[in-house]
Amino acid sequence: MGNFCDIMRNFFCGTKNTNVRISLPAVCFVWQIAMIVLFGVFIRYDEEADTHWVKHKKDHNITSDIENDFYFRYPSFQDVHVMIFVGFGFLMTFLKRYSFGAVGFNFLIAAFGLQWALLMQGWFHSLDPATGKIYIGVESLINADFCCAGSLIAYGAILGKVSPVQLLVVTLFGVTLFAVEEYIILSLLHCRDAGGSMVIHAFGGYYGLAISWVLYRPNLHQSKRLNGSVYHSDVFAMIGTLFLWMFWPSFNSAITDHGDGQHRAAINTYLALASSVLTTVAISSMSQKTGKLDMVHIQNATLAGGVAMGTAAEFMITPYGSLIVGFCCGIISTFGYLFITPFLEKYLKLQDTCGIHNLHALPGMLGGFIGAIVAAAATEEVYGKEGLINTFDFEGDFANRSVLTQGGFQAAGCCVAIAFGIVGGAAVGEFKNSEHVCHVLQVPEDEEAIPPVLEYNNHMIHKHQEISESNFSVEQS
Amino acid sequence: MGNFCDIMRNFFCGTKNTNVRISLPAVCFVWQIAMIVLFGVFIRYDEEADTHWVKHKKDHNITSDIENDFYFRYPSFQDVHVMIFVGFGFLMTFLKRYSFGAVGFNFLIAAFGLQWALLMQGWFHSLDPATGKIYIGVESLINADFCCAGSLIAYGAILGKVSPVQLLVVTLFGVTLFAVEEYIILSLLHCRDAGGSMVIHAFGGYYGLAISWVLYRPNLHQSKRLNGSVYHSDVFAMIGTLFLWMFWPSFNSAITDHGDGQHRAAINTYLALASSVLTTVAISSMSQKTGKLDMVHIQNATLAGGVAMGTAAEFMITPYGSLIVGFCCGIISTFGYLFITPFLEKYLKLQDTCGIHNLHALPGMLGGFIGAIVAAAATEEVYGKEGLINTFDFEGDFANRSVLTQGGFQAAGCCVAIAFGIVGGAAVGEFKNSEHVCHVLQVPEDEEAIPPVLEYNNHMIHKHQEISESNFSVEQS
Amino acid sequence: MGNFCDIMRNFFCGTKNTNVRISLPAVCFVWQIAMIVLFGVFIRYDEEADTHWVKHKKDHNITSDIENDFYFRYPSFQDVHVMIFVGFGFLMTFLKRYSFGAVGFNFLIAAFGLQWALLMQGWFHSLDPATGKIYIGVESLINADFCCAGSLIAYGAILGKVSPVQLLVVTLFGVTLFAVEEYIILSLLHCRDAGGSMVIHAFGGYYGLAISWVLYRPNLHQSKRLNGSVYHSDVFAMIGTLFLWMFWPSFNSAITDHGDGQHRAAINTYLALASSVLTTVAISSMSQKTGKLDMVHIQNATLAGGVAMGTAAEFMITPYGSLIVGFCCGIISTFGYLFITPFLEKYLKLQDTCGIHNLHALPGMLGGFIGAIVAAAATEEVYGKEGLINTFDFEGDFANRSVLTQGGFQAAGCCVAIAFGIVGGAAVGEFKNSEHVCHVLQVPEDEEAIPPVLEYNNHMIHKHQEISESNFSVEQS
């Protein structure tokens, strides 16, 4: 067994890059152990996931197991889950040097963030004061996935610029800020935001942009040739785009009201997305001398309609209203990629690797205000008396709120989300720039120090790099 | 801001390829605006997606939100959605020069077509004469996706031969013809065709073949080396194949009757597909000197069982009957790829890029006739009295129809679908060959004029092409 | 038509590699015909998929179609189906020479196995003694997919080492053994194993390892350079990983009890998987000198938590208990890839291509024992009186079984699964080594005789190979 000793020595006594070898595992272990302890103290199954469901059914005269919330929400949950892990992950594979990093770190961030999200959202939204416990069910899982989405969006702005440990820090603060702003917007302001235009997209977008702005690296543009996409990395990215596009109706309808709420949200989102595709193609084709389409637009701007419907999808925005929203957002988002992103990079020194400003921040903000307008324009004639109460939850403390007031609060909620994103992101970015352990976590300054990209075992990579100096295109394979 | 002026000038004053730059955006914008207007006039939510659902529930004594049609059909809808966008899109990525074109234009066509489909199908099937409105719900979305499937199948025959604008024209007429033939077959002839063997596959297949036949380009075979597949474009195509194969049970069961109808359709399709795989592998291996398998067969013919079960899946075809259908169709479809496609190209001058004749047209036609036979063979003994009425909708005007008559009408329906496909396709093809604006939309005659393939931003493509002249295989990467 | 004659002569008179050309089609045809006959004799729709459902509803006072088992299980079934075909298939695409083989043969095996599984499981579990028929519904389809999973896991150990016909033999015996051990474990020992830690993963893992051990090929290590992965084959493998990871909650909850059972199993699996990701990343980063992550670990060990929760997911293991299971299994599985796989290959002459020992065999065995412990620790206080009976099915003959006894039987069940795997696998391996038709089915001894890899039509492959001798990396494209 002398073989083992050698392996173990190798394993624990490596000297190069010790920082990453220590910091990343340390953070993961400490964090995971903390999660186990906190889950032990706080988290329990809710009554629909507990073995007492049999009794609960009898007590509440529930005639069938199908009434369990699981059957209302689980199919949508799985679609959302696919969006988070495959959709967001593969959407970012378009960088030829960073396909693994995109998918792999997306995976790590989401798995890390969703545990913290269950706790944070639990403390703010569903802590039972009597027992001091958080009771979770399938809706909590969807909310945790949503919460991670905020941080994954932010990741899109800083892709390739930060180390894995920094990513985890960004996620940790991102989830925390998310839970706070969500509490303010949904509970204190009593806004409706089922698909998270404000809470997820506007917040996540501006959070990422603010971090990226603070972490500006002037020499990054020199490495642009390493940032490019290649033919098949773009086909991989289309996998991400399509799964996001197809499942967005589930995203926006996953936690809306049972029955008509989920039904209507799915229809509206479906229509807005279809409309976005056409205007994106139109603007993209117009913008190129040859009339060809730009894959970046097709991959991203086609999704803008779904982002912008996040708030209004559950309202009676009407089918043609949904088409109009998609129509406008497809145009705005594509123009964003054509003009705003280069402008931000040139004049504001703001690098936005994946263009999240155009896909999430801007359409999210628009979605928030669209929601406010649609809410303010609601009438009892269109919604019906019960429908109005049901849709806007005008119950309890909010029973006497008018739709106009609701519209005002929706707009206020959108501003809160943006403010949280910008201030929070700037703070997190500053904290990182100045942190004590800067030699560990500092932004890498040169190519050599590029953060540990996910790589293979077999070290074939070195052969690639050798070849790639003489023959550019081989590297892509 | 002088920078902006330059950009804007560049943007609007390009001179090369102005036609495509103008025609594609113009069509997209005009179309999308027309859709918004028509949706505004005609389309409303149905009672299950409207806020009046709360009231509707009370009025109809519905005890639970789970009775909303959304919960019966939404999981199947999402599966169908994946088939349309990822399944059809990636199945066509096998061409190494056309992976983007396949996925991207598939995306455009489907997003374009589904809006028109909602209107056309609405006018024919669900226009409320009292209000003049069309009421849509989740079943309408599934039907719109189905309707697009017809045009996407046709796209498979003309892949790489037509410009995007022509594709949109093909889709526009395809959806229109689809709605008419569907109305004749399902409403006037009162056929059953839940999975659309006749309505979708036979129609779509022959529609595409007729267009391709009229648009024959003699010099296309010279560009065959550009048409080939490469290793990883074939792996991408397997993504399409597998998602189609896995979700076909959802496709055939998505709009069948609640309860046993959906259940039985899923089981039958699952079995037919499994059986197809084995016979496809058998014939494919026999056909190669080395016994190796041909990826084209595995990618396509394995799906023939699902196509052929489109009509009969909801009937009591019995599990072994499903296996027999899959058995035969796997063989027939593979033989089609081996003998019929080369024969059609050589003697009938009919180019069928993706082999849709073997995957859709032929199995679809067979599926229609299998459905007719199974319907004619139905007995009260097997179905039960209520089951027979329920399965074939022998109600109202059709209460006295016998199963034999039903079988006859099913066969007639299949002929109608084929006739619509061939005549409609030939007409659309002729229209294009002779259309006034021929210099814009004409079939490109040489490599340079190849229709705007989706391409990247970063112009790396030029480097590729340079290299590819000296080193064949690099081009594929 | 002289052309046809030539084609037909070519088709039936090829002389090279006749064995594969004959044996594979022969097996497929004979098998599929046998299936049709056996299905005709034995298999019928169950009362929920039969047209008599209308009557059944009335007779049993079922008020709504939504009570049909289809709506409880179909979304989970589709997720499981994706795991079997895309998940397992793409997880094995990491070998650059074998991407097609992995996806294509996975497809063949599963389609072949699921038909036999429906029969075998039907005979053992649901044969109606009165009619001699097996009645199938959506739960049968899920079970058939599960049953194939066992053989697909085994395929992971022998990937690239056996011919397609041998694979079918392995699957045939695998499914048969599976049905027997499942009958012993679930029916005779009355264990609970909804997600199949024991029945699927421990059995499948040891079955594959035993076959691989018997079929040891000393010269295989020389072809290691052909076994390696390349950048984008690893991205393809991530598609498999992510779909397995995302849908594992559906896998473990697909056939658990309606209501709380499915709900709780999904939550527990979700948490265990998230926890696995963090510890896998930690160990993987620690193990590399540069702190980089090893894709093999990310692709595989992140899934260990799901495997290990297969038995306990439906119990009241508590959320933090699930995190602990994931925590430990992520560590153990990653250590397995680092130390156990090389150890097995070096000292036990056991080649394990995909490392199934670390992903399936070991975590599956652990999962079985974890299930035993959790079952033994169950109390009426935690579960409730009805909940306890409901969860462990303490009814009929087993009404008086205590939780301690149940725990003991669970542990016994796990041992049975392992024993079946090892003994069965060794027997199948020996049978193959010694079989009469050895010159047909023998393990190929050299590169030339590599089993028929799925290949393309257009013979471009030869150009590749030529080039690949001078330029290593081009081959990967």
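Order as written gives the chain letters A, B and C; numbering starts at 1 within each chain.
The rule is simple: a contact is a pair of C-beta atoms (placed from the backbone, for glycine too) under 8 Å apart; a residue touches a chain by one contact, two chains touch by 3 or more.
Quick caveat, the model's predicted, so the values are computed rather than measured.
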| item | value |
| --- | --- |
| Equivalent interface positions on subunit B and subunit C, same or different at half | different |
| When subunit A is superposed on subunit C by its C-alpha atoms, the rotation angle in degrees, nearest 5 | 120 |
| Distance between the centres, which are taken as Cα means, of subunit C and subunit B, whole angstrom | 32 |
| Residues of subunit B whose C-beta touches two or more other chains | 63, 66, 71, 75, 232, 239, 474, 477 |
| Complex contacts: residues of subunit B adjacent to subunit A | 3-4, 7, 10-11, 14-22, 24-26, 28-29, 31-33, 35-37, 39-40, 43-45, 48-55, 57, 63-66, 68-71, 74-75, 78, 81-82, 85-86, 89, 93, 99-100, 103-104, 107-108, 111-112, 114-115, 136-138, 141, 164, 232, 236, 239, 452-458, 460-461, 463-464, 467, 474, 477 |
| In the complex with subunit A, residue positions of subunit C that touch it | 63, 66-67, 71-72, 75-76, 79, 228-232, 234-235, 238-239, 242-243, 245-247, 249-250, 258-260, 262-264, 266-267, 270-271, 273-275, 277-279, 281-283, 285-296, 298, 302, 316, 318-320, 323-324, 327, 338-339, 343, 346, 382-384, 386-388, 390-391, 471-474, 476-477 |
